[in-house]
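Structures given as structure tokens follow.
Paired with subunit B in one complex and with subunit C in the other, subunit A is shared by the two complexes that follow.
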Partner chain A sequence: MAIGVKVMKRPTQQTSYLRATLKGMALTFSHLLRPKVTMQYPEEKSSKDWTLSSRWRGTHRMLTDEQGRAKCVACGLCPQICPANCIKLVPGEDEEGNRYPLIYEIDEFRCIFCGYCQEVCPEEAIHVGVHYENSEYSRDRFVYDLERLSAQTHPVSTLWDPSDPKGE
Partner chain B sequence: MTFPLIASAIKVFVVFNLIMVGVALLTLLERRVCAWMQDRLGPNRVGPQGLLQPAADGLKNFLKEETSPAMADKALFTLAPIISFVPALLTFGVIPFAAPLPTKWGLVPMVVADLPVGFLYILAISSLGVYGIVLAGWASNNKYALLGGLRASAQMISYEIALGMSTVAVILLAGNVTLSQVIAQQQQAHVWFIIPLSVAFVVFFISAFAETNRLPFDLPEAEGELIAGYHTEYSAMKFSMFYIAEYSNMVTASALMATLFFGGWDIPFTTWDSTGDPRVLKTLLTLLVFGAKTFVFLFTYIWVRWTLPRFRYDQLMALGWKVLLPLSLVYITLVAVAIWFIRVRLGWEYGTGMALVLGGLNLVLLIALVYWLDRGRIVSGSVQEEAA
Partner chain C sequence: MADGLINLTIDGAPVSVPPGTLVIEAAKQAGVLVPHYCYHPGLPVAGVCRMCLVEIEKAPKLQIACATTVTEGMVVKTQAPAAKDARQSVLEFLLINHPLDCPICDQAGECELQDFVFQEGQPGTRYGEFAKRFNPVEDFGPDVLYVPNRCILCTRCVRFMEDVAKEPVLNVSERGDRAFIGIHPEARLDHPWAGNVVDLCPVGSLLSKDFLHKARAWELDKTASICTGCSQGCNITLDTRDEVVVRVRPRPNLDINRYFICDHGRMHYRWMNRGDRIEAPLVKKDGGLHATDWDEAFARVLAILRGASGKAVALVSPGASSEALAATKRLLSGFSWTGAFQVVMGEEAPLSGVPNLALRAERAPNAKGAEQLGYTRDYAQALAAAKSAAVVLVLDEPDCAVETDGALIYAGTVLGEDAACRRAEVVLPIANVAEEEGTFTNLDGREQRYYQAKPAPGMAQPAAWVLGQLAQEMGLAEVQ
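Presenting the complex of A and B:
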């Protein structure tokens, strides 16, 4: 032992390597027989112990009205508030003076999934989704256009509600 | 004349393949048992219950890039995996794994080579494996690899002595170094050597862990401190060879423990397997029993690996030189005296009576040993007593 190391006087049962070994062996063996915590992912996506939170902020979804048109009125609030600057919006106007998005694209690679776009949207059109399976074969497939955003079917996030912080 | 040759060739082929398949399944077993002990499931995707995982691993290793460090000693670098791989397989050759098989052309002993010097052969060959590790460490020209190789050689020297000493007791009692004779003796007395020589078994068991470089003695590899020790620089099939060597060493050590102390292929509580005419069924059943005994030790290897942390280097040396070596020397002396007394003075032959008397002696020694080891704090390191 190095000089100056203070060594405690401990009772044998605390310092015995032999007993510690046997105890450890018994512990690992008991774990061998316990139920396993692994979820078999592709088959099993939620279990009784774990489900994806309803506040989960995943890839976006644009809600549509009864005619199947996007609810978006191209007010420009979401590109304004977006901290990652990932929303591209070009507004247009039809004959009746209704604003609608000519181009509405979200770059999901740039997105930081803060959910501000959903919070700020006055029409409850753009939402972050409770969804996480996003693999694609190429990078440019991650720029979601309006058509694609409207076609998503996954549930939308409830976000965090300040009046109900525990989600009850 | 040609029959023994053909029989040997077939046995070599079968045993080689059995070990290879066994090693493959053992890697899977290790990963699954490890997972279970950590409350996970482990690899279960390739084939039913992951049974084809070893095949996938093997295929991956074949397809991987062979790297060779620029400053490595090319010849030794290539030779090292072979040197560690071959002895690991060679040792199994003298271990009898079943009752003799009757065939149309005569009785075939179920051992690849029933060498008269069987046990000495094992001691000689099994220690050759460390050359592979040391050479790998040296030839890689990498400081971590070299440290791993150095540690392997130091560890091997320290524990080889205790291992050899613990088996001297077996040889004293059996009066023979041929493994088939060792088994025959255990069968005749109806008592396995674990009873009359339990202390020797404890020493052998611990040394065997050190010899196979398994945790808690895996200092040559020591992922945490030496990256991967002696096989840091190895990739693809060369690395795989080390891996296979480690697991075949485990299989051999387990088979050896089963043979020396647990009656080899003897089926417990029956005399049916060792007396009477040899039958095919007998061969199969004894093979099964031998496999089961070996499996128990293999499982223990895995179990211990996922339980215990690695020894510190000084603890390793302390355990080897300060505990196991003196212990085995004292033990040999005591056992030799006891055997001499019983054989010469009392005139008994080896049988159940002698085994039980020796068993009583061993029980006393074992209790004393556990008491002393427990209180002696031999390997407790940081909680050493204050100097008076």
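Presenting the complex of A and C:
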């Protein structure tokens, strides 16, 4: 016994695809006239509508004093606070007998960019940077030593300020 | 309550202490630490820091807990508002000139000023507009640096040198806010026990040059140990960082060293970190020593011991643990054996203020223990006897000039390029004092235990284990 299929009788404007196609095309072409949001990276890295947040936590930077020496005094707080255990520090003395890091290395692969090192630093020496272009040709280049950290020039993070939680 | 004790109440807790006890010591029994700087149980009371002010009921003013003796029915309140307020003010005064250079200060992490300011200080200062006093760092002696800026003038160092070391070279120079710790212009802080001022200093004002900038206090692992510098048997703490011993500090023991250790003991730790250690058992093959595993080394030793008879000689180190010495004795008990040790002698340096405490002339920790186990001091005779012995066992005597026609077995930590022990049939690598647990017997016959502070290198094992295993294989020890 054949199954009886019920056929709906619909008006012509609903069975024709022309109307829906034109409607879709109109929406598509209307985008040509809207303002552009695409940024031409890498030629263009920020625009007036969008910049990297000043609280961005990227690869580190060591600040230096007037003589160009790292401000770090090797107090040992950043390796202590670091949850990823990515900072290697060996304290020593400089020529004037001041406490100074003999070895200061950050493994950026291990780093989770929490920013605790910047927060804990009593000398305001180590900072996380507002920076994200880190590609290298070899893995070992991702262990930044003191010289490399001091040579970075990108801006440093302001971190989150509890007295100004929304960054206003 | 026992007779002759005085009953008092400290912060609501009843305490019974002998008459003459200071309130600060009674408070320790009640589990209350009264903040203090100038008071130290090993030094005479000075009462200069005013930090331990507490409220005592019926007393007209706050009293210093370090110089007030207990009386019957006394009610002490260390946390009374007036006492807390007074201590907070003392801390504020101390911090007027303190540089707060904790990031570069070696004491950070174990600094009493840090601790008490954190515990009960106030968040800010009211003296921010004045420049802090500045004095340059002074070189006090062979191992002591003085940083006057950090000094809080507790005078513990002055009292130690005057009353304990009895060599009063330190004083408080100048007065009022210009005061600092001065040293006699023609003297140096080179007393053999002078290093204790570094431990006594509650802040980072007196620093050890040896430990300067080496490690942070919170990175150190602390292990109870016994000093190997001499036969006194001072109790020490070995501070290790990344499995390297970086500092030796005294561990209080009122019966032996009180709160002090001498500078010889303090500096006597570098050998524990030697890098040129024997890391694997070595056996003689084709005229040379070759690395092997413990099984083969044990088999060689057992073959030697089972195949030999007659005389055996043990040349042992007086720095070996009593357990290792006893195992050696047991291992050779099947022979007619003699055991001997030699002790390096030095100059005796007593600490005048403490009876029966000195850097002893015998510079070995376990000479008494070796003697009690039947080893003799007649080293020359034992060396001569070794010539004709069937088996000679050398226990950690790397420079031993042994010569023998029999079989030579060497258990040691190091083996020099042209050491006599290179002629050994078997070389067994053993752990040093920082890498094993054991017992030393000091010159008064007091047996004291020391504990493992770091792992032994490579395949090295504690000597007591190595020799004990061999004795067990020989059927000379009880099977465990």
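Note that in this section the second predicted complex is superposed on the first by the 137 of 168 C-alpha atoms of A that agree within 3 Å, B and C clash if a C-alpha of one lies under 4 Å from a C-alpha of the other, contacts with A are read in each partner's own complex, and residues count from 1 in each chain.
Going forward, a contact is a pair of C-beta atoms (placed from the backbone, for glycine too) under 8 Å apart; a residue touches a chain by one contact, two chains touch by 3 or more.
The shown structure was predicted, so the numbers you read here are calculated from the model rather than taken from an experiment.
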Q.
In this superposition, which partner touches a larger number of subunit A residues, subunit B or subunit C?
A. B
Q. Regarding the shared-chain residue A:Ser16, is it in contact with subunit B (first), subunit C (second), both, or neither?
A. first
**Q.** Partner chain in contact with A:Arg99 - subunit B first, subunit C second, else both or neither
**A.** second
Q.
By the touch definition at the top of the document, which applies to A:Val37: first (subunit B), second (subunit C), both, or neither?
A. first
(Q) Quick check on the superposed pair: does A:Thr28 touch subunit B, subunit C, both, or neither? Answer first, second, both or neither. (A) first
Q. Which residues of subunit C touch subunit A in the complex?
A. 102-104, 108, 212-216, 218-219
Q: Flag every residue of subunit A that touches subunit B in the complex, lowest number first.
A: 1, 5, 7-10, 12, 15-19, 21, 24-25, 27-29, 31-32, 34-38, 40
Q.
Which stretch or stretches of subunit A touch subunit C in the complex?
A. 73-77, 80, 91-93, 98-99, 122-123
Q.
List the residues on subunit B that touch subunit A in their complex, please.
A. 33, 35-41, 303-304, 306-308, 370, 373-375, 377-380, 382-386
